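Please find one structure pasted underneath; my questions will follow.
We just call them A, B, C, D, E and F in the order they show up, numbering each chain from 1.
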Amino acid sequence: MAYIVKNVHTVSDELLEELKLVSVSTASHTLVEMGYRNAYMQGIMPLAFPEGQQSAVGRAVTLRFVPLREDLVKQQYDTLPESPHREALESIMKNDVLVIDTGSHMETGVVGDIFTRRLRYLGGQAIIVDGCVRDLQRIKQVDFPVLARGVHGGAIPRSLMSVGVNEPIRCGGVTVIPGDIILADRDGCVAIPPQCVEEIVKIARAHDELEERWIKMKLDEGASLHTHYPPNAEARLEFEQWKKENGYA
Amino acid sequence: MAYIVKNVHTVSDELLEELKLVSVSTASHTLVEMGYRNAYMQGIMPLAFPEGQQSAVGRAVTLRFVPLREDLVKQQYDTLPESPHREALESIMKNDVLVIDTGSHMETGVVGDIFTRRLRYLGGQAIIVDGCVRDLQRIKQVDFPVLARGVHGGAIPRSLMSVGVNEPIRCGGVTVIPGDIILADRDGCVAIPPQCVEEIVKIARAHDELEERWIKMKLDEGASLHTHYPPNAEARLEFEQWKKENGYA
Amino acid sequence: MAYIVKNVHTVSDELLEELKLVSVSTASHTLVEMGYRNAYMQGIMPLAFPEGQQSAVGRAVTLRFVPLREDLVKQQYDTLPESPHREALESIMKNDVLVIDTGSHMETGVVGDIFTRRLRYLGGQAIIVDGCVRDLQRIKQVDFPVLARGVHGGAIPRSLMSVGVNEPIRCGGVTVIPGDIILADRDGCVAIPPQCVEEIVKIARAHDELEERWIKMKLDEGASLHTHYPPNAEARLEFEQWKKENGYA
Amino acid sequence: MAYIVKNVHTVSDELLEELKLVSVSTASHTLVEMGYRNAYMQGIMPLAFPEGQQSAVGRAVTLRFVPLREDLVKQQYDTLPESPHREALESIMKNDVLVIDTGSHMETGVVGDIFTRRLRYLGGQAIIVDGCVRDLQRIKQVDFPVLARGVHGGAIPRSLMSVGVNEPIRCGGVTVIPGDIILADRDGCVAIPPQCVEEIVKIARAHDELEERWIKMKLDEGASLHTHYPPNAEARLEFEQWKKENGYA
Amino acid sequence: MAYIVKNVHTVSDELLEELKLVSVSTASHTLVEMGYRNAYMQGIMPLAFPEGQQSAVGRAVTLRFVPLREDLVKQQYDTLPESPHREALESIMKNDVLVIDTGSHMETGVVGDIFTRRLRYLGGQAIIVDGCVRDLQRIKQVDFPVLARGVHGGAIPRSLMSVGVNEPIRCGGVTVIPGDIILADRDGCVAIPPQCVEEIVKIARAHDELEERWIKMKLDEGASLHTHYPPNAEARLEFEQWKKENGYA
Amino acid sequence: MAYIVKNVHTVSDELLEELKLVSVSTASHTLVEMGYRNAYMQGIMPLAFPEGQQSAVGRAVTLRFVPLREDLVKQQYDTLPESPHREALESIMKNDVLVIDTGSHMETGVVGDIFTRRLRYLGGQAIIVDGCVRDLQRIKQVDFPVLARGVHGGAIPRSLMSVGVNEPIRCGGVTVIPGDIILADRDGCVAIPPQCVEEIVKIARAHDELEERWIKMKLDEGASLHTHYPPNAEARLEFEQWKKENGYA
């Protein structure tokens, strides 16, 4: 039976571009303040991330694996065009991110360098796996962001089979709905409800570009957390003055 | 997107009745020998089981929860008739077993005595939860088989929301497909592919009613495992003789 | 340095008495609805609970252990009157509950039958341990509610030392502040901020004595969750009518 | 290559009989005080224990399993007389205890009711498993002490193979050497170096029969832990007096 | 009692050399297809691996630790020449790999830079530890492949003692038999039954040198997984043609 | 109630300077030999460590978090000057190390780059967290030693509140008392009782500067562990001779 919950908002490519300037840490904290407690995916870390690339952003395409059942995996492999994980991969479009739920299964790898290479070709932006990847050395040569829980030498048929594409899934303790916006950097990744992206970009810009810059400057001059983090009334006046003098809106 | 793998066999109520005489342990081991390694659900134990009832058997109806997302659970609760977990419960028919995947979530309970009572009324045979139940004391008063990983005082809205009914799910490290046959007793539970039930009943009958009875008798007379478990050629002759003398086919 | 956060409310013995009629499950769920997500202590289960006693209620006295440091435990044992765990035990007054934080340490027991016996004598109502007890068989003979994570044969000096009494502590993932009200039954236990007790008793009475009784009656007559749990407008009218006819306020 | 460490002491059946009066908790704590930190097996609990039997005592026979290797298990099963786990079982003599190391493997059962029945016939006193048993319901009917970490429906060939008998093994985080004395009761079990048994029996007798009896009496009269547990100089005089008056040595 | 299962095949140094060109990932997957499910050691990762070295290969020498028992470790240390871990280390020959089973013990380190240095001198190829190493910084200076589960500052006498050399052991959930062939690279390591090495080298060569090279080229040209991975009939013809044109056998 | 156990020794800045030459591994092992089993913090690894810096040393200032309680965190945030974690940070003096106990909470970060920057300004030497940091990328830019269990995008208010400064705490399974000396390097960190520092420096100097240097030289010449590690009588003479010839005391 089809799931009930779904995203009704979408996000433009331009807004995705702006989101790239926000850190996972800022987005994660901002979402908590907006009432979304579960956005940061715990334990899903960047195992491969291109040098010089600051972050990866895209729309979630989801894929779900369950432990293989011997009769059904045979049924699945006999009718290859229908294999959900191949469907998911080939369905990837520009600015998609593939998010994979294996049930935190640590006993086989579900993504290797071939899949990664294909995803990059199709315009995908990252792969996120609540589980293991395989052949990490060759994945690294593809120069593409891959986040996962660990590494295992085995491949899918060792113990898993795919059963669903674009369903709501669990990843790192977080629900990911198709169309959620994924933001990943070296601190991990976060699933953002599409309707929140604009607000996050706005808050993060204020936070990252101005406050943080000014506060760090003040800290280097010896300012105390008590007065400057967060700024008290007096410090805030000082900050507004500084903004004016330095050409910030 | 709908899942691919599915059951194509069904099992009659009469065969379900016969399966009740088989132990989870025998069914689990027989399935391994038939090539199904993952049938026993690890860590899902009977928290409530009616005294005097030996086992519970039924057809799997599946239900899947994911961590709640604040905007979507609101969307779900505003349109209550569509809530998947209520749909699942009300869809229960005679000889069904409700199997619930929460991602082994230990931080809230998903089944209490009200749901248990309704399921019993509708002819359900058991509830299996990869996660927690709540209000176990009142569940016990319903006198109905409930197997789960643990207990938590919280209710669904604390941290989960339901997203799918009758999809393939994970439960205790085992894939459960709608229509799988669930067998539960005081040793836990097992998901049986429908096409295997007849064979299991046949093997188990031979195993449980004859071999085991005879071997235990021989053990009590001092027989060694080396000769009698499994029986060597000589012991097997002796066993065939005993069967004839005691009126077994 | 002394902690900052503290309880400013207290609860009368009469209110404690009324709280005994509330189940842990109802209190836990009610607290979530009141905005307290972390009240139920995950994994702390009743290992000993007197037959026929429905629940235990009291004011939290807290005790904290850390891994023993060889020089300091010696310093502590040389000046026995100051040993925090003995201070804590001897400070117990009527309607207190001793709550112990060991850091979920599973490698030694911190409470045995002697401590349990003394606590009962002093009017304590229960012992809650995020860690292990020892000599559970003899604890059971004391006939007193003891909830813990597990059992270990070792005693405190094997690997722990006590360092603080009546500080805020962690127990089962929940913060317990001295003076919090502890409610324990066969489903586990919950820490209730004192100012919430009155409201919980009121809500629980409405919930447990009326709604639940009536809904169960309706379920036994075949009512659907869709219409009766929670009751829709029509069912609610029916319920109000039933209340009037059966003498409930 | 044979192991190096070994026991050089043995214990008489009479001493084993006396050890039955000591609790696991007292033995475990006494061993810590004698300098043996790791004697209590953490997490290995009695899953079956005959009603009315207080404890089980015997000499350790050890058995070690490793994950099955497909070629070698075949080699092993083709030459059945050599299968180590059957060798171990058939080697059991009066007052032996079988202790099994599976590497805390929770994915199959290694002992069922047939093995338990044979062990009882041969005069064994208990089975201790760092791993799972299967068919617990039938094991319970054998009325024999079996301690383990959990239950699994699968049998040995699902994922394990036996490789060694009477080697030093790990069980519950404790090293067990063949010939160690195992003491088990409802609080779990402890491995005792043979040379320590006599001392433990002596200390435990003093502790259990006298001190504990007297202190409990005093606690029921309201004595404080500060003066009576452990007894201070004055209380000790009182205790000596009481001993004389009540006919203890 | 000596173990039963054993390797009967051996592998030449030349074949070991060829195995160095195979990746752990390819070997692991190939073994699953050959019927060996448990070859990849889960969670045992390269903590030190010489820059520029692609992989390490050698014959397993095994070593097993158990938790220290105070009387026996003393007995062992009084007779140092017999200490199994020193025996194991000094027995290392050209193209051996030392594989150590500590029971996944994370509370002390068993290998430091001195042992690593000696092993390298003797011609060893790698050290694999299911447990912790210590002094990782100095190990890195030895420039030698060391794979383990983690790091701990403590040394062996803190909590372990060695008991057996060249027994079957568990490492990363995998059975390792003396004489098994170990292959390690940056993705972890795999234990290969000796009789399988030749086949793996052959399969891997076909897989790694030809298919993978060609498929990656095709993927970079936009080929779909549906047609090219694995290649369908048409793609396979194209591949055979390409092989001929590019001088592959 | 204030804790009982406390440090009575202090350590001079000069001695701290000398301690910087000792490795965590050597200090940890030496402490075990001096009778302190629990000094190395298991699982707390350097996530940021300035290139070229060998180790960090300082006096422990402790800080303890518990799971947030909604009413009390509000009470705390309404009176910001009293917030314990800000008090702790602003109290840092030259050669202090901030050690944070979150109960191994992995569901939010407690230290980011702002706190790290302030601590460095105040003369702090390192931050040690039994829990998570956030914004690790920006922490790395501060070029300051930060050791923790992991990374999480969330900030303190997501799920924690601070309750105590300079109490005894748990960190990585180790008790840390205010004033303990913390030594951290790329192998992790260790808490040293102040009275032990002088002895450790002395032992480590002998160990690191002479023995280790000489033994490594001998190992590179092919010396066996049997004769040279530890050195037997003959090797020790050789070593004393070498010391004299090379100008060591």
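One rule holds in what follows: contacts are C-beta pairs under 8 Å (C-beta built on N, C-alpha and C of every residue); 3 or more make two chains touch, one makes a residue touch a chain.
Heads up on the chains, UniProt names are A, B, C, D, E, F = Putative 4-hydroxy-4-methyl-2-oxoglutarate aldolase.
Keep in mind it's a predicted model, so treat the numbers as computed, not measured.
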Touching subunit A and also subunit E, the following chains: F
Path length in steps (a step moves to a chain that is touched) from subunit C to subunit E: 2
Type of subunit D:subunit E copy interface by residue overlap (half), same or different: same
Comparison of C-F and B-C (more C-beta pairs in contact): C-F
Most distant chain from subunit C, judged by the mean position of its C-alpha atoms: E
Centroid spacing, where centroids are CA-atom means, of subunit C and subunit D in whole angstrom: 33
Centroid distance [mean C-alpha coordinates] between subunit E and subunit B, Å: 39
Overlap residues in subunit E, where contacts from two or more other chains coincide: 37
Interchain contacts (touch definition) - all pairs: A-B, A-E, A-F, B-C, B-D, C-D, C-F, D-E, E-F
Subunit D residues within the subunit B interface of the complex: 80-81, 86, 89-90, 106-107, 109, 112-115, 117-118, 121, 134-138, 150-155, 157-158
Contacting residues of subunit A [partner subunit B, same complex]: 1-6, 35-38, 66-73, 75-76, 79, 82-84, 87, 103, 161-170, 173-175, 177, 193, 195
Subunit B contact footprint on subunit C (complex, rising order): 23-29, 32, 37, 39-40, 42-43, 45, 185-188, 190, 212, 215-216, 219-220, 222, 224-226, 229
